[in-house]
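What follows is chain A paired twice: with chain B in the first complex and chain C in the second.
Entry: the complex of A and B
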């Protein structure tokens, strides 16, 4: 069943990566105005870095003409966005500095929403590919019936 | 006798087409999974030319060109026709060359191709069965 597993595994890796992207975007949106975190300071935007997953390049796979770069996708890391924070003048806020400015997270809600739509569409595309592979597999099972 | 029927040229050709199609589907799935990966280059797999070549002289296996007769030949049954092509252009600013519309179109086209080939194989089996049963 290797051919079926590897194909479905590729689609599943795409689904996992896009879902993680979605989770991180949800966290950014939920914390869009969090001025105080456990680590101290305001919340900072998180970015998901994804990369193509590499096959192990052993002799057997080279002999069978497998290309290294086609075994799906994986999340490399979740990085913190260190761009400047948004300063708002609110002297009565408990987290305000000496000059009365509060540092709000560097989350741009509009950008997060567009990212969210992009992640959602990519998830759907992976799901379509998965269903297509599944239908092909069931056709293969039906051969000779 | 029955062995020679089941391993005839039409079956082996259809098998190869089915194999190539499922491999191509895997590549397309990998492209779709990497639609948001910066720098990823889209891959495709073309085998129709080699399939035509194999149709002209059935039963002949494709040989690797070698400079020494003692070089290894790939003789495994998984031996594939065709070759993988890399789309090396830049479609977006992040260096990714996956065109999602094209990939989705290729996905459904390739699925239909697979279904057509599997229907051909089923028809071949049905012919054999009607011959064995002696009635139409």
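Entry: the complex of A and C
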């Protein structure tokens, strides 16, 4: 059912990717001042790496040399941001080091908020494309009436 | 070399070699196949809704997309059915 699946699945992959990005941003925001984790040390910012999805190419599409780009996106990996942590002088804090400094996560709340707006707008854009595809299909079906 | 029996089909093909080869699928099997696809789309939608309700990994948009796919496929099926019934009525209206 190519008429139904191709475009809609691309939009669905975009929705899933943006949804995951949103989850990761939410995790970053929630842990913006987490000073200890199970792995030890403060929380580190997580970044979502998104890549273009390659179609599994069958022999027929190779023969016809179809464009492999029409296949949506997927999340390649969730990487840890290793940029330096924020040091704050708080000698009374239980996680403070010998010199009295506490390492806070390398999460910038303002940057996370802009990322969140970007993810949410991107999600909406995918939804709009999906609705448009759906409307096109319904209009095509109306040809028969 | 092994000599196999000559099946009916081989003889049939020998006889019609000059003619154009007809497609193998009949209309009824084609229709059956299409209906099965529509039915499987509806099944997918039901399974997606079930896994969402059960708290599995399925996400809301996946369920809604599955339902939309099933809805569109059913709409196309209904239109085709209407066209077929219409054609049948046209033929029945022929005066003998």
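To be clear about the criterion, the second predicted complex is superposed on the first by the 142 of 145 C-alpha atoms of A that agree within 3 Å, B and C clash if a C-alpha of one lies under 4 Å from a C-alpha of the other, contacts with A are read in each partner's own complex, and residues count from 1 in each chain.
Note that contacts are C-beta pairs under 8 Å (C-beta built on N, C-alpha and C of every residue); 3 or more make two chains touch, one makes a residue touch a chain.
Keep in mind that what you see is a predicted model, and the values were worked out from it rather than measured.
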> Looking at the overlay, does A:125 come into contact with chain B only (first), chain C only (second), both, or neither?
Replying inline: first
>> After the superposition on A, what does A:19 contact: first (chain B), second (chain C), both or neither?
In response: second
>> Touch test for A:30: chain B only (first), chain C only (second), both, or neither?
In response: neither
>> Under the stated touch criterion, name the partner, chain B or chain C, that contacts more residues in chain A.
In response: B
> Just chain B (first), just chain C (second), both, or neither: which does A:113 touch?
Replying inline: neither
>> One more residue to check, A:144. First (chain B), second (chain C), both or neither?
In response: both
>> Just to be sure I read the superposition right, which of the two partners does A:134 touch: chain B = first, chain C = second, or both, or neither?
In response: second
> Is A:73 touching the first partner chain B, the second partner chain C, both, or neither of them?
Replying inline: first
> Intersection of chain A residues contacting chain B with those contacting chain C?
Replying inline: 11, 130, 144-145
>> Quick check on the complex: what are the chain C residues that touch chain A?
In response: 37, 41, 59, 61-62, 65, 68-69, 72-73, 75-76, 79-80, 82-83
> In the complex of these two chains, what residues of chain A are touching chain C?
Replying inline: 1, 4-5, 8, 11-12, 15-16, 19, 127, 130, 134, 137-138, 141, 144-145
> For chain A, which residues count as touching chain B in their complex?
Replying inline: 3, 6-7, 10-11, 13-14, 17-18, 21, 50-52, 63-65, 67, 69-73, 118-119, 122, 125-126, 128-130, 132-133, 135-136, 139-140, 142-145
> Can you list the chain B residues touching chain A in their complex?
Replying inline: 18, 21-22, 25-30, 32-37, 40-41, 43, 72, 74, 76, 78, 80, 84, 100, 103-104, 107-108, 111, 114-115, 118, 121-122, 125
